[in-house]
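In the two assemblies presented below, chain A is common to both, partnered first by chain B and then by chain C.
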Partner chain A sequence: MQKTAFPLGATLRYLAIALYVLFALFPIYWLIKIAVTPDRLIYTEGTQIWPSTFTLDNFVSVLFLTDFLVYFKNSMIVSLGTAFFTTLVATAAGYAFSRFHFRGKAIIIALMLITQMFPLLMIIAPIYKIMAGLRLLDSLTGLIIVYTAFNVPFATFLMQGFFDGIPKDLEEAAMIDGCTRFTALRKVIFPLTLPGLAATLGFIFTAAWSELLFALMLINSDDKMTFPVGLKTFVSKFAVDWGQMMAAGTLALIPSCLFFILIQRFLVKGLTAGAVKG
Partner chain B sequence: MTAITLNSINKRFGPVHVLKDISLEFNKGEFVVLVGPSGCGKSTLLRMIAGLEPVSAGDMIFGDTRVNDLEPRDRDIAMVFQSYALYPHMDVERNLGFSLELRKRAAAEKKERTSHAAGILGLDKLLDRFPRALSGGQRQRVAMGRAIVRDPQIFLFDEPLSNLDAALRIEMRIEIAKLHRRLGTTMVYVTHDQVEAMTLADRIVVMNAGQVEQVGTPLDLYSNPANLFVAGFLGSPKMNFVAYDDPALNLPSALTNPSAQTYGIRPEHIKVTAPDKNAHLVGTIDVVERLGSDTIFYINHGADKPFVVRVPGIDRTAIGEKIGCQFQPEDLHLFDQDGQAISEHKNG
Partner chain C sequence: MTMAQTSSSGNGRGRPLKRFQWLIEPYLYLSPAIILIALVMLVPLVVGVSYAFQAIDLLDPFTTGWVGLANFEKLWADRLFWKALTNTFWWTLGSLFFQFFLGLGLALLLNKPFAGRGLVQGLVFLPWAVPAFLSGLNWAWLFNPIIGPIPHWLAAMGIMEKPQNILANPDLALWGPIVANIWFGIPFFAITLLAALQSIPRDLYEAAAIDGASLWQSFIKITVPFLAPTIAITVMLRTIWIANFADLIYIMTGGGPANSTHIISSYIFTTAFRRLDFGYASTLAIALLVLLLAYAMLILKMRKHLVKGI
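Our next item is the complex of A and B:
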């Protein structure tokens, strides 16, 4: 229908989008390409778009000859745990910031912002000390606590934004209809916040999944390593096993992708459409 | 019988004193309209009646029960919001029946009451639609239906028509009037639109700056405004105010009053005459609005604000012409230096 109207603008727009997508996806393509390239061809055919021979050997060795599955499991536990607890705390805090006026609100918000201003490197030593004192070094629980603490401020602001987007009238109508504040939250506000919850869960999951610094500092033993730390084991003193490393990286993409496929229907929908005047 | 009694109600938001000693009584089955300019506190008062805002001081009594500390859900009220506040994730039927669902009523009763309300408002065919698939007027009906289903003691309306276009607003205004006649429930209605106030209300409460200026029937307020504010707020076009010493004013001594600082006369109570010595006020036509049913003249008589005259039908008098105005003594409103109406004049 639009074709006759003015195709040039649309074409340019799609071209721009296509270029951007190409740019964004190229590293992932390269990751997969190296993963399926036989070791002996990695350097000789390094710059070719697709290797002359194709192999899944790297995947097989990563899955069965390395500790990859352990790292993977640990990362799963840490990321899911972090996403769950962060979202739980952030939802409650975001709701409070959005709906209630209380003494010290501005100070709490300012403090939460301040925590986001320090480079992680600056605070890694004190965190190490605290975790040591709590006997939480080299433990997945410790990692979940640290990740949750560091992600809560951002997630809270994110959730507050979503709550701010839901008209107060809806809760008030529900409270007049017979809800307590909590039932109004559960029956009216919560279903409308699903896109926000999904976005927050997705964001925090990905952040925890790819975090390296804390995991590197706080975890020592092989059986507690998360995936990003484990990836370093493919770098030995004398060589880097590129093929296996890329195969592991490819596999590590799967959970994030699955997670986003799962939540994307909540992300896309504008659930509040039609709530108030239109 | 009294449905709602407000006893010296005060509301403070921090240092801001929003409502000052409001004392009112609303009778059972009465349609009361709270009207006033933006920020006068009328919506806040309604929200306090609903239980959505705590009362800072004073007593709020429904029937014989003090409700200051009752939650909204325990007050047996229903409220129609300006924004409609429909639950976007529920279809029309569930929106209507949500209050019954919360009260765990039997499915059959829910069905019956929902379809009864839908019948009254012509929503029968829309029951499986979601709010996003409804037009503004339909959403407004659902919001009203949600209130009807409850069968509450008191209906509260917070500027329910202000988001609708002019034609729909008139249609819904008539629906609300019919609804009140049909249900006979006490209704409290907030608006800044004086036409809604005049047409719907049994009694109007005119509010300004957190205080009640005057309470009365629409025609009472129109004919006997207690002060300059009420006089200027109700009526369209607004009442003309002329200072007692305005040189353009030429009132016979029988019409004057020594304590009057301001004379008020409604545009529709003015007779256009020749600009001779019998005219009570003389000026030049600055602007003419011909509405078909009426003609409105904006007359420049040397003061800051034009003197507005409304005559019925089409009047061909042109811009720039000099005309005279005459008023009947009983149509003249006199106000003292505090802006209060001087009532002796009206009676004598």
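Our next item is the complex of A and C:
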């Protein structure tokens, strides 16, 4: 099906791709640039494309003179926990929506949609009270539970979409061969949804990694703070120590970027025609 | 794969035990999601709604009480609310329009193999990995003439007379967070649409090519109908998400200058966390909720129509 492209078409395609890459990367480049600019040069050479001298001082002070590593560890625990539990719960729910017709389905879908619509700020106070009652305030477990609940509806619709894209015949054939539905799901359907699972994991991880509001509300002690809350303390504590903030930000990007490099392999692979044809 | 096709067509649903299992099975798959959502979101939501009819000041817990519709009367007379409503519309429309079309363009570009596609894909999806808090700060810096390049570029292109911070201009300030939001949101649409594109059976394109269909015909007759349901649901969820997304505006402008960039959700945030007025914040939230519900109903109707059309 691949036609030979006109040289002009190909050039335009590559130009468009280059523009996308430039647009995506420039702000990140700028973040790193500010992080390596010496403090005394920020206001004189701030708008240059690269400072005349560069320094790693900001990284050193962030890593060794602040609680950065603690925030980092906390965010890692919360984001991985949230991504894992959300994907688990949402896969089951998305599968049910995709494959079954049952009493109350429309109501459950409607309730899930409602959770996507109301402003989350509306429930910040009630949640604070409930978590206090469950003794889950100021705990990473509490944060994981809240984030998982927030992310399940969207992840469910996402997974449902991926399941809808897989022909029902596949597991029906396996079930006729004597598999239970669950075995069919695990052995036949699951491998085909890997791109979907990877995308879902990626979304949820990054969502949890950057959530600020509820973390601020539910966590008070320094040793439980997640990364955005920690960054916020940089703002209030060090007023305009932009170099340090950007250094901390650059470091915070690393796990998210690594995660994306890992999952994009699955996205590239996609659902190949071969897998469906058998 | 080892799925031998058998001709047996018995499904075993006649037996009582099997039938019972078949009846409760969907609920088993759904129960963790339902329990979690009910406890963490729906119960607090009902409690939150009740706040709209109360006076709740966290700093003064003793004046708490039911006030009927007083909060809603205040809302109707609040000029800042109407301003925020207009801003919510432009913020959502502007962000969504560019996120969607640029995301679709990116997905179509990435759907065809080319040298270095894996690397390019990893790079263009990176903005999604940048925490919103950080994106906001980062873009605020890019718009700052002391430290960022954008005002100098705009001045050099003659769009602006001299390098100024658009975030300080009440007429233009909303475009700062919108640009940041577009940057942040393109990967979302690109990833979702790319996954949908890749789940379209290749046979269809092969058959179309054999029948002599042009690339444009394949796009209109195969790609678009297959993408339509995904597009409808993604656009709907995304609209709601963007309308509720206060982080960028709160970080970049704080609703200023002169309250010119508040959207309803950032106004809710300010009301709740600066003034600690939970009652009025809930009233604002309900107003937003009603608007978004009406919008969602519309889109769901359209989606049903589209799915039927295939």
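Definition applied: the second predicted complex is superposed on the first by the 264 of 278 C-alpha atoms of A that agree within 3 Å, B and C clash if a C-alpha of one lies under 4 Å from a C-alpha of the other, contacts with A are read in each partner's own complex, and residues count from 1 in each chain.
The rule we apply is simple: a contact is a pair of C-beta atoms (placed from the backbone, for glycine too) under 8 Å apart; a residue touches a chain by one contact, two chains touch by 3 or more.
None of the values given here were measured: they were computed from a predicted structure.
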On chain A, which partner touches more residues: chain B or chain C?
C
Partner chain(s) touched by A:177 [first = chain B, second = chain C, both, neither]
both
Partner chain(s) touched by A:63 [first = chain B, second = chain C, both, neither]
neither
So, does A:112 touch the first partner chain B, the second partner chain C, both, or neither?
second
Touching partner for A:188 - first (chain B), second (chain C), both, neither
both
Applying the touch criterion given at the start, work out whether A:32 contacts chain B, chain C, both or neither, answering first, second, both or neither.
neither
Common interface residues of chain A with chain B and chain C?
170, 173-174, 176-177, 188, 271, 273, 275-276, 278
Listed in rising order, the residues of chain A that touch chain C in the complex are 1-3, 13-14, 16-17, 20-21, 23-25, 27-28, 30-31, 34, 42-43, 46-47, 49, 88-90, 92-93, 95-96, 100, 102, 105, 108, 111-127, 129-130, 145-146, 148-150, 152-154, 156-158, 161-162, 165-166, 170, 173-174, 176-177, 181, 188, 195-196, 199, 202-203, 206, 209-210, 212-213, 227-228, 231-232, 242, 245, 249, 252-253, 256-257, 259-261, 264-265, 267-268, 270-271, 273, 275-276, 278
Considering only the defined contacts, which chain C positions touch chain A in the complex?
1, 3-6, 8-9, 23, 25-27, 29-30, 32-34, 36-37, 39-45, 47-49, 51, 56, 58, 102, 105-106, 109, 112, 114, 117-118, 120-135, 137-139, 141-142, 145-149, 152, 183, 186-188, 191-192, 194-196, 198-199, 201-203, 205-206, 209, 215, 230, 233, 237, 240-241, 244, 246-247, 264-265, 268-269, 272, 278, 281-282, 285-286, 288-289, 292-293, 296
Going by the contact rule at the top, pick out the chain A residues touching chain B in the complex.
167, 169-170, 172-180, 183, 188, 191-192, 271-278
Using the touch definition from the top, list the residues of chain B that touch chain A in their complex.
50-52, 71-73, 77-79, 81-89, 98-99, 102-103, 130-134, 136, 139, 146, 150, 163
